[in-house]
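Below is the structure I would like to discuss, written out as structure tokens.
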Amino acid sequence: MYNNIKEEAYEANMNLTKLGLVKFTFGNVSVFDRDKGVFAIKPSGVPYEILKVDDMVIVDLDAQVVEGTLRPSSDTKTHAVLYKEWPELGAVVHTHSVYGTAWAQANRSIPIYGTTHADHLTKDIPCAPPMADDMIAGNYEYQTGYQIINHFKEVGLNHEEVQMILVGNHAPFTWGKDGKQAVYNAAVLEYVAELAFLSEGINPKIERLKASLIKKHYERKHGSNAYYGQ
Amino acid sequence: MYNNIKEEAYEANMNLTKLGLVKFTFGNVSVFDRDKGVFAIKPSGVPYEILKVDDMVIVDLDAQVVEGTLRPSSDTKTHAVLYKEWPELGAVVHTHSVYGTAWAQANRSIPIYGTTHADHLTKDIPCAPPMADDMIAGNYEYQTGYQIINHFKEVGLNHEEVQMILVGNHAPFTWGKDGKQAVYNAAVLEYVAELAFLSEGINPKIERLKASLIKKHYERKHGSNAYYGQ
Amino acid sequence: MYNNIKEEAYEANMNLTKLGLVKFTFGNVSVFDRDKGVFAIKPSGVPYEILKVDDMVIVDLDAQVVEGTLRPSSDTKTHAVLYKEWPELGAVVHTHSVYGTAWAQANRSIPIYGTTHADHLTKDIPCAPPMADDMIAGNYEYQTGYQIINHFKEVGLNHEEVQMILVGNHAPFTWGKDGKQAVYNAAVLEYVAELAFLSEGINPKIERLKASLIKKHYERKHGSNAYYGQ
Amino acid sequence: MYNNIKEEAYEANMNLTKLGLVKFTFGNVSVFDRDKGVFAIKPSGVPYEILKVDDMVIVDLDAQVVEGTLRPSSDTKTHAVLYKEWPELGAVVHTHSVYGTAWAQANRSIPIYGTTHADHLTKDIPCAPPMADDMIAGNYEYQTGYQIINHFKEVGLNHEEVQMILVGNHAPFTWGKDGKQAVYNAAVLEYVAELAFLSEGINPKIERLKASLIKKHYERKHGSNAYYGQ
């Protein structure tokens, strides 16, 4: 009944590790079935080397297990909140990838310094501030989801254009229309994070990309007359 | 009819990914047949894992497709301008390789700090400034080619000696007499870019290589009495 | 008679190299049999490529060889001291892994900057100061063990919570309930050390993680109601 | 007749590339037969992927080819000078390895910051200054050998203890009693160079290792009562 999303979630989780974006079990992908109102997510603490399609856990939007014998990832509530609030999402990814996590620990958004960044989004990759103490002490993973949602509202970002965020002190989250795109976005975030780190080292007075270049690069890939493809 | 350049372009594109110079489809190589006035280039957006010789697209110097069912890389016009203006070129490479792109984002030429650099060229690796807004808004990829050509004219560089450039805010372009050499140059640029980044970190007061060493290293490899080979 | 700990020590030593934590023979793992009062340790100077289970040397807590034809690692006395003073340990690891060693050479503890760190321990990863000259000139490897023990006492750390340390000017030591956990801790130390290095580069004014986040992340993984697992 | 040194030189050259110390043909190893007064060296410009034992070129101490159909590495004269002046050497290595070359470009000796360094030598890894212009313009590779020899004399180093050097603006040279040890030293230099780069980034006020630790670490490995081996 849930085989499609289980397989897609399994493939996406395996791709995450092939792309070098997870160390041990520091990351997970879920894939959403909007019609059924459930998503498939990596089980908790299972190493990628022994992960199987049938290990994927099916969970509803209240983070209750619908099918599966293993415990779902402890980040499940964060995924559930994102699907509930942004039902357009087809998949959600969480990693502790090196450069993305370093920017999150530094509590800085990643400035848009080049066209590699602008090919994917026109804004800095946002960094949500760390949560208030009462949110942390309470339902932490649930509140992590709302921290992301609220930050997008506060700074006026559109989650269909900007498909990635850093949670301050923590690490990256990305999403997309399906598992493949969400994992691709996690890899783009990591690549752009590394480029930005190096670029600031090479030129401490570096400035953001100018508006005309941002517009051109994004529109040729995502605009109504998109023609981009290297 | 175009099998030679298709095969050479295919091999060169595959080498680019084997050398770790492209992430996903962030890069491309074309190979030029001067007699026929056409070049073979990577199709747009096709992942390297499934790329085939016959996927290569044959394009003329006005960037019109001559043969092939796939769409050519969106960077095709840039390649076409370079072959039109510099007909000596046998191949052109574009990458978003990590260190090269970081220098481009930082809008800095790569200073000649060591003999590894001088073995390949006697000048800093130039960084063309970002284009004017009207050029960006217009025929962008076409103008990118002219930005390269014009920068070489302005700073008085010879494209047969200096076979590489950074386009400011964007990324590296390299070329050569054939696909193999152009890809080799892309790898050299990346290596020299990494060395220069680290060298500045180790010695912030670092100075350029002195003239006598530049001359010696370049001439023993490229001069009329060249004898170099490690 | 000692096959269990020999096999576990062999597996753990091989994992150390698979995880990229040792260069040549710059590292070793031992596994302790508390009932018999002996531990199995890597032989001295044997390359990982040719290491076999039966090469493991069995040593008592006075660092005397009990079984085995090869010489035990020159770090054996350090391991012996740790098992004697902290008999809860099941395994000890020593590496010269890149980022961990760089922090040790810099004589700095690794500040707790993010949740990746807090998932594993609530404190900075401590850096014991270099030893006094008379300790160095004397029974050096034995004193290295006491330098670790004494530093934990002085700064009031619990070796069951904080399972890792840097020895100033030298390199990391980690431990755990068995070989698998001790090697895992060595990998965590290296990952956290890399993240902290990058985070300080990205934000020189970076601050430590706030107390509420440290508490939450550690308790969800290690507290009495632990539920963590990505 | 020269099979022994040809095979040893071939193996050592191949190890150099397996250890990630050479890019393309940016490096070479030679192995010396003191009795016959000749050495085997990598041929010029042959890629490692197609290198064969019989490609090794046999050269005498005047850098004249004794056997072999290929041209010897353009660095041959440097190797010849080192064997002539320091006949104890069994092998010489030259690389452009990343961190070692970055320090050479920065014209800085690598300070002794940790025990990983002290396990191998008690001194900073020296950096010879760039050569005088007339030496560069003259018999350059020959003079490179004398630049190394003269720098050791000037700063009072012993080439049997310190088996490595950076040539300023250029790159590392190492040596040893045989091909295996000389290549090992090239890897040690690269590792220590990376650690020192990172350590200075982590602590800009870092100080050299104190004398007692240098003495202890070196003597336990190389002293008359050596017992070291991890």
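Before moving on, here are some points about what is shown:
When the chains are written out, they are named A, B, C and D in that same order, and each has its own residue count from 1.
We adopt the following convention: a contact is a pair of C-beta atoms (placed from the backbone, for glycine too) under 8 Å apart; a residue touches a chain by one contact, two chains touch by 3 or more.
The chain lineup, named per UniProt: A, B, C, D = L-ribulose-5-phosphate 4-epimerase.
Keep in mind that what you see is a predicted model, and the values were worked out from it rather than measured.
Centroid distances from chain C, each centroid being the mean of CA atoms, peak for B. Homomeric contact chain C/chain D is classed as different-residue, with under half of its interface positions used by both copies. Note: centroid distance chain A to chain D, computed from Cα atoms, is 46 Å.
If you average the Cα atoms of chain A and of chain C, the two centres end up 33 Å apart. The set of chain D residues touching two or more other chains comprises 200-201. Taken pairwise by the contact criterion, the protein chains form one closed cycle in which every chain touches exactly two others. Taken pair by pair, the chains that touch are A-B, A-C, B-D, C-D. Listed in rising order, the residues of chain C touching chain D in the complex are 23-28, 42-45, 71, 73-75, 94, 96, 98-99, 101-108, 130-131, 133, 136-137, 140, 169-171, 197, 200-201.
Interface residues of chain C, counted against chain A in their complex, comprise 113-116, 184, 187, 191, 194-196, 198-203, 206, 209-210, 212-213, 216, 220, 227-230.
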